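Okay, so chain A shows up in both of these, paired with chain B first and chain C after.
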Partner chain A sequence: MRATARGQGPITFILPALLLLAIFIVYPLVSTVWMSFTNDSDQFVGLDNYQSVVEAGRTARAVKNTIYFVGASIVVQLLLGTIAGIVLNEKFKGQAIARSLTLVPWVVPGIVGAMTWAWMFHTDYGVINYILLSTGLISTPVRWLSDPNIVLPSLIAVNVWKMFPFVAIMVLAGLQAIPKSLYEAAQVDGANFWHEIRYITLPQLRPMLISITLLLVIAGVNSITIIYSMTGGGPADRSLITSIQIFVEAFQFFNFHTASALSILFFLVSTAIIVVYIVADNNKRSAQE
Partner chain B sequence: MFIDLRKITTITCTLLASATASWAGQINWWVTEPGYKKAQELVQKFEQANPGITVKLQSNPYGGLEGKTLIALKSGSPPDLMEVQTSWVPSYIATGTLEPIGDTIAKTTPLDQFVPAAISSASVDGKLYALPFQAEALAMIYRKDLYRAAGLDPEKPPQTWDEMIKDAQALTKVEGAKAQYGYGIAGGGSEGQGNTLYRSLPYLWMNGGGILSDDGKTVIVNSPESVKAVTFYTDMYTKYKVSPPSTLENGGLELRRLFMSGAIASYQGTPTEIERFQQDAPNLDYGVAIMPHPEGKQTSALLGGWGFIVPAKRANKDDTLKLVQFLATAENVGYYTRTFPAVNAALDLPRFADPRLNGFKEMLKYGRPQPAVPGWLEITNIYYRHIQEILIGDSTPQEAMDAAAKEITAVIKR
Partner chain C sequence: MSKNLNWVYIPLFLIVGFAIIPFLWMALSSFKTLAELYRIPVTILPDQPTFENYHKILYESNVPRYFLNSTIVSLGSTALGLVFAIPAAYAFARMRFRGSAFWQVCVLVAHLLPSATLIVPLYIMLGYFGLLNTLLGLTLVYTVLTLPLSIWMLTSYFRHIPVELEEAAFIDGASRWGILFRIMLPLSLPGIVVIVLYAFVATWNEFIFALTFANDTSVKTLPIGLAEFSTEYNTDWGAIMAASVIMTLPIAAIFLLLQRVFVGGLMSGAMKG
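Showing the complex of A and B:
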């Protein structure tokens, strides 16, 4: 009797979780794959959907924009977030207030932040151009959200503003987990502030920064809210990223089958990037040891 | 990240089933948020006149309504009466789930008393599938004070394209940070696609062009007539610079803000703007005129509007049709509409007496519905993106419209 109970017990206990997993992850995944190979009347059409997705001119542009947007965002977010985290870890007057204020952009709902920025960026009545024009820094208004060369940097700035507090807080948590004895030992050896950062802080933060980077990649490729509400991907697709393309294809044009093909491709590419990143990191780490 | 229609549909169906579970004697009526209060009063009157029938109202936000309605229709247990844009109706008719209600409406108000374009946009093969209650067309709104300041006669707004450009140039004054532009065209913004379509497509029509031929089978967006109209529209920004630098960020909402602050002297607006001016800028000195047209041709407008649809195969269809008959009176149509009534007789009601509405009434006569073709939203998206290509200066109108024609043809052939 005991043996039977022990044999079936674990399965019984994880069954509900497995069932939920199957319903909400495995089934949608499988059915998305199936939809990507069929047409509106549920007939198998092979790679037709994939072909039309790859041939569409906007797909290539969206991929290019996604890489630019996510790559640039992450570099600046990590840089700014790490600096902010290190500063906030120092003891100074008003430290608690500074820490809470840093979090504000992250706590503000995405759509509210995005709409506010869109108004501030507006070429004719936006406050940013107003300040720049009235102080004489520029002589003609800058088209922050409609100049093809400026729109992505503007959106990246908003994305950085939104997510760097998250990096800062994670870095802060990481910093507090570094044993003080390491710094004391370094100081005995005559290390200055920069030596401490270079040889203790950053190496100790490494695992934390790697997880943050992964989270930022995932948040970045899915950051529909900011771009969709500020420019809708425009002007003329100059700020279109793949996740928005999928959304529009499915929920505005009701082309669910091509949208599925696009999401599958998107999924494969993102997975490949993340796997490469993790493997490279593991190799580097084992090489160091 | 993964989009799965079936999952969404299943969940939505379950929710819908619970929300609209109904029995004989109860009508489930979906209205939009802005119409909820007025619908409540109509329901009260209807229930008093028809004891034994109760009406349950559900208020829906505008956002995503088109898809929500489609899913409800396909789910098999939709509500009994739904408020939708007339331009969406053709795609709903295509699902085969709508009840033709032309005969029912005619018992109350003969169909020839409705705005003709509103009827035709909701009909297939001579059968009418919606009760249009609201119909509107854009007109040109202009600042009389700025006209006077520029030495123009505020009682003589431009009639032709040439006059329009000339006036707009006279009204454009750029000096440092304070700038005034003659005419604001739409080229972007949060609702940029629809806003740009409503404001630019009529120019193509006036000139004998368009996006698709009348039968919806040929793409004419790159015909000489169409390209000339697109050139006229985009030149206001790229060549004459009478439209402000923010043009690619401006839709209806942004243009209204710029107009109220005096940054633009004229633009195309909807009848609802009048209410907004009364609220936000009661002293604004403005006039409403018809849209200027090419010399020797007629003006044109893209008809917008709303109507009610009735899904077929519902248990309490008879009760619902009674409600449709009740709503179809000129009085109730005139009461419920948020802009203009789709029934001509209702225009005599006191709420439409403001003389400034005359420009809009006049434009209504030239209103044309959007073509009833599948994939229309995707087609207009292609058109919109290529208009933006011209505005950012990366293509000439001819190049952009040729490219658009190629993409639109691919959508039609699918």
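Showing the complex of A and C:
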């Protein structure tokens, strides 16, 4: 179409939104870069803040925890989500209600899920320990959220519960895009259900699963709500992930300058992941076309 | 796929059970007395169902105030988000201009950026403008939080509307804005509904920004109120479960009423971006 009278150009349409995003994202990030190179008396200190962040034992611990938490979560989320998506794609009575119910953990507030699981994980009065004790599977109560070796697996379970419905719905959408003719041809060739999954469904879903994986990485490094409200990063930093470390550094220790340095490092790593995601997603789409 | 359907019910029950048993447990616990919650053996159904937890939440806590704050902030940022998202999405969908693709990628990056990268920068900026501990500050932050995905989803919705209608109106001398408001918007209502739902749910559920930027009772939101019941020394599980139910109800109601639009929209939005 032809452009443009006064106030009719593209600028008038996009500028308000871009300006708002610039003011609330770009400007704060730039000022954080400045903060990360200065100290409390506003003097330039070079890379000092970065050095103290990188050398802190906590940072290494948090990075390790983040990788463990995110990596383990994603493997289980993908597995369970794909199974759930395939199951929910079958025709059966009550399919619509089953789909809605499966989505519930993803839709309700994260804090509600976190609190409910914290109550079920309660060492003395929680239903999980009660069931395990009374069936004889364990003989002493498990300290799900305060045993240093068990806290991360417990939180991973909650994170899986929260996010597998998202994978399931994406898989469901992906399954509906697979041409029926592929399955018909396979059936003519005598393929059984497992053959179909192995040689048609999974390969067809693969590009989508890759881009979901990157979305899950981003969601995982950002899962502050669950961890912060259930354990606060404890016991003894055993469930501290980097995003919580930023929060704690700034708002419990009030080290804004080191927190800024950490934010910038976190920003760079996240942006790298996002760029990989966008490139992979573009490839996926051009492959489909 | 397989014609033999009996097998489906086994994994189905496990999956659906895993998804919803925590909510059943939350609801059941909210009707138990404190004495019953702290008793072994654990009971499944409440012995003597009670509303004492709800009474405590509604009459002896700040939860009603937080509920109001959450409502204001969520509705405010959702409405504000629409004002910014609609024209931007229209330009991305229909106008050719230099840098269009670049700016769309920027919007996507803004959507994907983890909130942890922005906590410290935003805290400093909000403090500078005197917007810490104000509902306005939180509303603006939430608008920015949901704006990128709203633009992204609405752009792809606009692209699916046939361009011929607009061309006719354009020849008749209608302005761009006239076309947007009189032709595009009425045709895009389902798409608008999806982004309204998305923005409302995302902001209603948001935790870490609210925890950082709104510390005053007069501006705290529900997620923070919920976390407040749990302290290191004393956790009132009955009250938490009742507050959880209250907090979940609006979301569950919206979701069940508009489930079809919501799921369909998320699926198409996600598939395209």
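Keep in mind that, in the parts below, the second predicted complex is superposed on the first by the 249 of 289 C-alpha atoms of A that agree within 3 Å, B and C clash if a C-alpha of one lies under 4 Å from a C-alpha of the other, contacts with A are read in each partner's own complex, and residues count from 1 in each chain.
Going forward, a contact is a pair of C-beta atoms (placed from the backbone, for glycine too) under 8 Å apart; a residue touches a chain by one contact, two chains touch by 3 or more.
Everything numeric here is computed off the predicted structure, so don't read it as measured data.
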Quiz prompt | Partner touching more residues of chain A, whether chain B or chain C | solution = C
Practice problem: Based on the superposed arrangement, let me know which partner A:Phe256 touches: chain B (first), chain C (second), both, or neither? | Solution: both
Quiz item: Touch check for A:Ile83: first (chain B), second (chain C), both, or neither?
Solution: second
Practice problem: Applying the touch criterion given at the start, work out whether A:Leu103 contacts chain B, chain C, both or neither, answering first, second, both or neither. | Solution: second
Self-check item: Touched partner set for A:Phe69, first chain B, second chain C, both or neither
Solution: neither
Exercise. Mind working out whether A:Asn222 is in touch with chain B, chain C, both or neither, as first, second, both or neither?
Key: both
Quiz item: Just chain B (first), just chain C (second), both, or neither: which does A:Leu18 touch?
Solution: second
Quiz item: Does the superposition put A:Ile246 against chain B (first), chain C (second), both, or neither?
Solution: both
Quiz item: Does chain B (first) or chain C (second) touch A:Phe193, or do both, or does neither?
Solution: second
Practice problem: In the overlay, answer first, second, both or neither for which of chain B and chain C A:Phe37 touches. | Solution: neither
Quiz item: Common interface residues of chain A with chain B and chain C?
Solution: 27-29, 31-32, 35, 118, 122, 124-125, 130, 134, 222, 229, 243, 246-247, 250-251, 256, 259-260, 263, 266-267
Quiz item: Where on chain A does chain B make contact in their complex?
Solution: 27-29, 31-32, 35, 118, 122-125, 130, 133-134, 140-141, 143, 145-148, 222, 229, 231-232, 234-238, 243, 246-248, 250-256, 259-260, 263, 266-267
Quiz item: For chain A, which residues count as touching chain C in their complex?
Solution: 1-5, 7-14, 16-18, 20-21, 24-25, 27-29, 31-32, 35, 80, 83-84, 87-92, 98-105, 107-113, 115-120, 122, 124-125, 127, 130, 134, 161, 165, 169-170, 172-174, 177, 183, 193, 196, 215, 218, 221-222, 224-225, 228-229, 242-244, 246-247, 250-251, 256, 259-260, 263, 266-267, 270-271, 274, 277-278, 281
Quiz prompt | Residue ranges of chain C in contact with chain A within the complex | solution = 1-2, 5, 8-9, 11-12, 15-16, 18-20, 22-23, 25-26, 29, 37-42, 83-85, 87-88, 90-92, 94-95, 97, 100, 103, 105-110, 112-125, 140-141, 143-144, 147-148, 151, 166-167, 170, 175-177, 201, 204-205, 207-208, 211-212, 222-223, 226-227, 230, 237, 240-241, 244, 247-248, 251-252, 255-256, 259, 263, 266-268, 270-271, 273
Quiz prompt | Residue ranges of chain B touching chain A (in the complex, touch as defined) | solution = 1-7, 64, 67, 70, 176-177, 179, 187-188, 190, 192-193, 244-249, 254, 257-258, 261, 263, 375, 377-378, 381, 385-386, 388-389, 391-392, 394
